[in-house]
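Look at the two complexes coming up: chain A is in both, with chain B in one and chain C in the other.
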Partner chain A sequence: MIKYLGLRFLGMIPTLLVISFLTFFIIELPEGDYISNQISMLKATGETASIAKLDFLRREFALDRPFLERYAIWVGLWPGPHGFDGLLQGNWGWSFEFDRPVEEVVGPTLLLTVLINTAAILFVYLVSFPIGIYSATRQYSWGDYGFTLLGYIGLATPNFLLGLVLMYVANVWFDLSIGGLMDPKYIGEPWSIDKALSVLAHMIVPTIVIGTAGTAAMIRRLRANLLDELHKQYVVTARAKGMRESALLVKYPLRMALNPFIADIGNLIPTLVSGSIIVSVVLNLPTVGPILLSALQSQDQFLSAFILLFVSILTLIGMLVSDVLLAFLDPRIRLGGRERK
Partner chain B sequence: MSNERHETPQEPEHYVNNDPFDPTSVERLTEEQERYFLASQWKIMWWKFRRHRLAKWSAVILILFYLCVPFAEVIAPYKPSQRQSNFLYAPPQAVHLFDGGKWVGPFVYGLKAQVDLAQMRWVYEVDKSEVQPLRFLCKGEPYDFWGFIPARFHLVCPAKDGTFFLVGTDRLGRDLFSGIIYGARLSLTIGIIGIIISMSLGILLGGLAGYFGGIIDSLIQRVIEIMRSLPELPLWMALSAALPVTWSPVWIYFGLTIILGLLDWPGLARAVRSKLLSLREEEYAQAAVMMGAKPRRIITKHLLPGFTSHLIASASLSIPSMILGETALSFLNLGLRRPAVSWGVLLNEAQNISVVTIYPWLMAPVIPIIIVVLAFNFLGDGLRDAADPYK
Partner chain C sequence: MAPLAVENLSVDFEMSDGHVRAVDRVSFTVPPNKCVALVGESGSGKTVISQAIMGLLPPKAQIASGSILLHDRQNPGQMTDLAGLSPSGRSMRRIRGNRVAIIFQEPMTSLSPLHTIGDQISEAAILHRNVGRREAKEFTLQMLKMVHFPDPARGFNAYPFELSGGLRQRAMIAMALICRPSILIADEPTTALDVTIQAQILKLIKEMQQEFKMSLLMITHDFGVVANMADEVVVVYHGRVMEKGSARQLFNDPQHPYLQALLKAVPTFGMEKTQRLETLRPIKPHGEGLSQLYTRNADQLDGPILKLEGVSKSFISRKQGLFGSGYEPVKALDDVSLEVRQGECLGIVGESGSGKTTVAKAILRAFQPDSGTVSFNSGIGLRDIASYDSKDMLAYRSSVQMIFQDPFSSLNPRMTVSDILQEPLVIHGIGSKWERSRFASDLMELVGLDPRYLRRYPHSFSGGQRQRIGIARALALNPELILCDEPTSALDVSVQAQILNLLQDLKRDLGLTYVFISHNLAVVDYIADRIAVMCKGRLVELGPTEQVIEHPIHPYTKALLRAVPEPNLDHPLDFSSPDMKGTSNPFLWPEPYRIPEGSAPKLVQIAPDHFVCAPGLVP
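Let's look at the complex of A and B:
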C-alpha cells in the first residue's frame, strides 16, 4: 500500500511540470506583457516620465528575458534578478493589476475555492448515491423516469445559466439575495453565529448549481453499473438461497458498482472546478474565478498563471484522493501492479 | 428412388441428384429476414435508430434549428443589430388570434412606451385599441441574403408602422427573437466545426497510438491523461483571452472553434485507440497484415469502417459541450463580441442580476440552448444504441 502511494506521488511530479509549463505557455501567448502594454499606452499619450520606471520593473520581473528562461525563473529552477525566487521557493509572483504580491490577492479566496469544490463533490455523491440505487432497483418506475428526466435537464442546462435563473427566482419569488458570500448587512461585521449562518445559506445555492451537472452524470453512471451487476448470476444465486433483498444489494452488487463510481472523480473534478469558476463570476462569489477573469482580461500574467496552476493542482489532488480511495476499497488495484510483474 | 428392400443384401445404390441445389429450400427465410440479412450495415443502423423515438424527434428538432443557419435572414423579422430607439427594453409581444371575441388572425397589440422617472426605467403599456395584424411571406426590412444578395422577403413581418417583438428587445432596442435566429448561425456551427477539428485530431492521434503501440502509444496516452485532468473552462478562458483584440469577428470565431476543438480531442482519441486495439486483433485485420498491406491502407480500409458509427455517436455527444463552451466564453466577454451575434453574446446582456430581475426576457436565449443541448444528447444516445447494429 505504502509503495503504491509512493509511486502515485512520484508520478505526479512530471505531470505537474508539464502542466506548469503548459500554463505558463498559454498565459504568455498574447503578445507583449502587462508592463510593455503600459509602456506603449504611455507612449501613445506622450508621457515619457514613468517609462524609465516601467523599464526598470520589466528588468525587475525578468520580463525582458527569453521565454524558457522566464518559465524557469517563475518556477524557481533558474536564478532570476534576485536569485532563486520562484514557485518552488514559495514566491507566487507579483500582480501588476493590484500592485500587490499574488499571495495577498488570491490568498483569502483559495480556502473558499477549495471549500466550495469539496462541498460540491460531497453534494454530488450524497445526492446521486441514493437516487442511483433507487433508479436501478426500481427500473422503469415513475420515480426512475422522473429522476432520469431531471438528470437530462441538469446535464443540458449550463450551470452559469442555472445560477442566473436560480438567482432570479430567489430574488423575485422569495425576495432573497443569494449572490455574494453573505448577506450585505454582515459585510465588515465581526464573526457571529448569524453571520456564519448567512454564509452557509449563501453556500447552498452555488453548491447545488455547481453540482447539478455532475450529479446527473453520476446518477446515470451508477444506475447503469448497478443494472449490469443486478442481472448477474451471483445475484440470482444469493436470492435463490434466500438472502434478504436489502442485505444482498449492499453486500454484493453495490460494492462492485461502487468502484467505477469512485473512479469517476477523475472526470468529475475538472468539470466541477470549471463550473465553480464561472458560477462564482455569475453569483459574485469571492473565489479565484472572478480574479482569474479580470487577470486574464488585463493580461496580469503572474496572477492568472498562478490561478490556472492552482486549479489544475486542485484537480490533480482530487484525482490522487480518488486513486487512494480506490486502492483502499479495491484490493485488485492495490495489488494489481505486483501481479503483473 | 427405390426404398424397397431386396432379399439379398446388396450395396445400396449411390444416389446423386443432378438438379441444382437450392440452399433456401432447407431453411426458408421470411421476407423480413431476407431484407435484414441483405441490408448493409448502415441500413440496419438506420432501422435501429428509427425505433428510438426520442432520438428521431430530436433529430427533427435539430434539423429545424439548423434551418436557421442558411435562412436566418428570411426567418428573422429584423436585423440583429437594428436599433429601435423607441422600444428600449420592450417586453415580449404575445401573438393573439381574437380581438374582443372577433377573429382577426395572428396579430399583436401595439405598445406604448412611458418613462418611469421614479424608478428610471421604461414601462410599456399594451394598447388594446391598436391591432397590428402580422403579415406572412411578405416584403419587410431590406437585407443582404448571405451578405451579398439584396432582398426583402421575410417569413413574417410586423404590420406597417407596427412592431413585432416575439421575445422583447434589449437595452438598445434590438429585437431578441431576430438575435436568437441569427445567433443560431454562429452558436450551432461552432459545435460542428469544432467537432471536425477535434475528430481529426482524435482520429489521427488515437489512431497512431492504437495502431503502433509502444512508445508512441504511451506518449500519447500520457498527453491524454494530462489533458483530461485539466479543467476545461479556465483553459478555454486563458486561450480565448490570448486571441488578439484587433481580430475581426470572423477570425475570432475561427479562433474559438480551434480552441474548443483543441482541448476536446482526448476523449475521442481514447475511444479511437481502444477500439483500434481490439479491432487490430481481429482476423481480417491480421490477414491484411499478412498479405502485406500498408498501415495506411489497413487503418483506412479495414479498421476505420469498423468504428465510424461509434465515432459519429460519440461526436454527437460532445457537440453540446462545445456549444456550451462558446456560450460560457461569450457570456464572460472572452469569446465573440458584437457585431457578431451568438446565443452567448445575447446572454451577455443578462449578466447583471438587477437587470434580469426587471427585464427577465433577456434570459430567453437560454431556452434554445437547453433545447439544442438536450436534443444532441438524445440523438447521441440513439446513435450510440444504433452504432452496434448486430448486437
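Let's look at the complex of A and C:
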C-alpha cells in the first residue's frame, strides 16, 4: 500500500509538468502580453515617456525571450534575468495588473478557496448521500419525487440567483450580516473566537450556493447507482441468509454504489472552482475566482497561469484522494492483478 | 409428515394492466431426505415458487392464496405457514437461511465482489447460530472443508473474483449449509458450470444431502440433472403443475403432452443428423426475400475455407497484487492446427479455460498469435489473415460473423432491434436507408420473428428471441462462416431446440459454414459434422462426430463424455468414479497421451480423419 502511494505520488510529477506547460501555452495563446498591450495603448494616446519603463519591465520578466525559454524560466528550470527564480524556487511570479507579486495578490485567498470548496464538497456529500439512499430505496414514492423535483430545481437555478435569494433570506430572516467572508468589523483584526464564528456564519450561504448544483447531480447519480445494485443477485443472497434489510443495504449494495461516488471527488473540484466565479463576485467572496476572471481579461499572464495551476493541483490531490480511497474500499482494484486460484 | 408442503399456492404479479398469475394453485410436498425436482422452462414459475417459499418474492408479487407449510426437525411439534409470514419480518428472517436455505444459479453474481468468502459465509452463522466472530470462523472453515475447498484457510480470505466458478458455487453451498437447514432449495445450481464441474457439484450436493439429512428441492430445466438427482419430479408449465410423480414413472411413461414434448426437445447422444428436435413452439423461417439481397457465390472452394496452422498464444497473468513481481505465461493455445471445410459444422468442445473461445478470437484476428497462421479462403485460395490490409480486413469481417453466448448482454439495450440489425450494414456502407430497413425486416422473417417487432428494444424479448436477433445480426452481412460461441447454453431446452433447428435450417438454406463452440457434448453431437475436443489450450481429439462420441480414444474425451448427465434413469452419472480433476491436466494423462512439460502436443491419425493427441505414439 505504501509502495502504491509512493508510486502514485511520483506519477503526479510528470502530470504536473504537463499541466503547467499546457496552462502556460494556453495563457500565451492570445497575441501579445500584458506589457505589449500597455505599450500599444500608450502609443495610441501618445504617451511615450512610460514606454521606456515598460520596455525595461519586458526585459525584467523575460517577456522578450522565446516561448519555451519563458516557460522554463517561469517554472524555474532555466536561469532568467535574475538567475533561477521560478515556481520551483518559490517565486510565483509578478502580477502586472496589481503591480504586486502574485503571492501577495492570491495568497490570502488561496486558503479561503480551499476552505470554501472543501466545505462545498462536504456539503454535497452530506446532503446527497442520505437523500440518494432514500430516493433509491423508496423509488417512485412521494419523497423520491419531491427530492427529484428539488434536485432539478437546484440544477436549473443559476447559482448566483440562488445566492442573491439566500443572502436576502439570511439577512432579513436570520439577521446575518452578509457578503464577504466575515463581518466588516473583523477585517484586519487579529483572529479571535468571534471572528472565527463570523467566518463560519458567512460560509453558510456560499457553501449552500456553490454546493447545490453538485448536490443535485450527485443525488441523481447515487440513486441510479444504488438502484442498479439493489436488484443484483448478491443482494438476494444476503436476504436469503436472513439479514435485516437495513444491515444488508449498508453492507452490500451501498458499498458497491460508493465507487463512482468516491471517484468523483477529483472531478468535483474544477467544476466547483470555475462554477463559483460568478457566485464569488455576487457574494463578494475573497476567493481566487474573481481574481482569475480579471487576470484573464487583462492578460495578466503570470497571475492567471498560477491560479489555473493551483486549481489543477487541487484537482490532482482530489484524484489522489479518490484513488487511494477506492483502492482501500474495493478489493478488485487493490488485488486486481492477483492470479486466480 | 413432509418437512415442506406447498398447498394450492397462487402468486400474482401486479402489472400496469392488472394482475398476472405467475403461479396457479400449485401443490406438492418435499418428503424427508428426498430430492424433489421442480422442472420447467424459464417463465414457467418454478423460480417464483422458490421465491415464495423463501419469502424473497419481488415487491410486485403477492401470494394470492394457498399455504407453504414448514414442519421440520428443528421445531418438531410445530407447523409454520411461510405464506402467512411477513417476508421481511423477524420470524421469516429467522427461518430464511437457517431452516430453509437456497443456492442460486449464478455463482459469479450471487456473491458480493467486495467481501471475502469467509466474511459472507460466516455472516450466516453469526445471524442464526448465536455465535461470535471467532466461532463463526471455525464453523466456516469446517464448512469449507466439507465442500472440499482445496485450502480452507486461504479460501476464507479470498474474494469471489479470485475463485473459479466451481469454487464459488462450493462457497455458495457452504454458505447455505452452515446453519444445517432442513430444506435446501437449489435453483439451477449447475447451469452456469462446465460439465465436469457440474458432475462434481451434483455429487457434492448429493453428499451434503445425505450428510445433513436434508430435503432437497431442485429447480432445473435440465433433464439430465433431474435423472441423476431427483426421487420425485414436479413439472410446471405456465405456473401450473402439469404432472408429478416419481422420477421413474415420469421418465418411463410421461403422460402430459407438455412433458412428452419437453423430453423430446433434449438432444441426446446418438441422434440421427436428419432427425429434428421437437420444439414446443416451432418457428418457421422465411428466406424468400433474402435471395435477392444475398449475392452469394455458390462456387465450391478447393480445400478448406479456413485453416489454422500451429497457432499458439500465451497470455501473461499477473501473479501477485499491485506491482507484485512474478509473471507467468499461460498457454491459451498451444500449437493448434485445424481446418474448417466449406459447408460443414465443426464443433469445438472443451471446458472453460480450454481455449475454445480463444480459437474463435484467433479466427476473428482479435489478437496476433505468437506463432502459427490463420488462413481464410475467400474464393481466391487460402491467405494468411495476418497479411490482410484494412480493405481486405473489412471484407473478411463481413464474411466471418459471430453469434454470442449471452443473448442478454450481447445486444445493446439502448438500441432498437431495427438499429441493431442495421448497424453492420451501416458500418460496411451497404444499401440505402430504405434498402437497409427492408433488409432488416427480411432478416427478422428469416429467423422467424415478426418484422413489426423491429421498433422494440431488446428487453421486451425472451432469451430465445434475443438469440434469434443475434443470429439475424450475424446474417446481416451475408457471411460465409459463422462462429457460434455457446449460442444455446443460456437457453431453455425447448428454446435450445428451436435455435438448433434454426441454425440447421439456415446452414442448409444459405450454405453457411459453422464453427460451433460449446461445452455441451450432446448439443455438439447433434449439430456438428466433426468435433474438435480441446483441453488447456491443446487440441486433444479431432474427428467425425460419430467416431468421437461412439469411440472416444483420448482419456480426456472419455472423461468429458462420462460427466454429461443423460436424461435417462438407466445411465446415471458414476459419482463414485475418481474425481475428474486429474483428467484435465495434460501432464498427468497416462501414456501415450501424456504431454511432457515444455513439449508441443502431437496429433496422430488413428482412423481415417480421426486424430488424437498422443505424443507417445509419434515415431
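To be clear about the criterion, the second predicted complex is superposed on the first by the 310 of 341 C-alpha atoms of A that agree within 3 Å, B and C clash if a C-alpha of one lies under 4 Å from a C-alpha of the other, contacts with A are read in each partner's own complex, and residues count from 1 in each chain.
Following the convention adopted for this analysis, contacts are C-beta pairs under 8 Å (C-beta built on N, C-alpha and C of every residue); 3 or more make two chains touch, one makes a residue touch a chain.
The shown structure was predicted, so the numbers you read here are calculated from the model rather than taken from an experiment.
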Looking at the overlay, what does A:G266 touch: chain B (first), chain C (second), both, or neither? first
More chain A residues in contact [chain B versus chain C]: B
A:L126 contacts which: chain B (first), chain C (second), both, neither? neither
After superposition on the shared chain, which partner residues are touched by A:L17: those of chain B (first), chain C (second), both, or neither? neither
What residues of chain A sit close enough to touch chain C in their complex? 3-4, 7, 232-234, 236-245, 251-252, 255-256, 327, 329-332, 334-341
Can you list the chain A residues touching chain B in their complex? 15, 18-19, 22-23, 26-27, 29-31, 152-153, 155-158, 160-161, 164-165, 167-168, 171-172, 179, 266-267, 269-271, 273-275, 277-278, 281-282, 292-293, 296-297, 299, 304, 307-308, 311-312, 315-316, 319
Can you check the complex and tell me which residues of chain C touch chain A? 54, 56, 88, 93-98, 101-102, 104, 106, 109-116, 120, 123-124, 127-128, 150, 154, 158-159, 161-164, 167, 172, 175, 317-324, 328
Touching residues on chain B, where the partner in the complex is chain A: 225-226, 228-235, 237-239, 241-242, 244, 320, 324, 327-328, 331-334, 347, 350-351, 353, 356-357, 360, 363, 366, 369-370, 373-374, 377-378
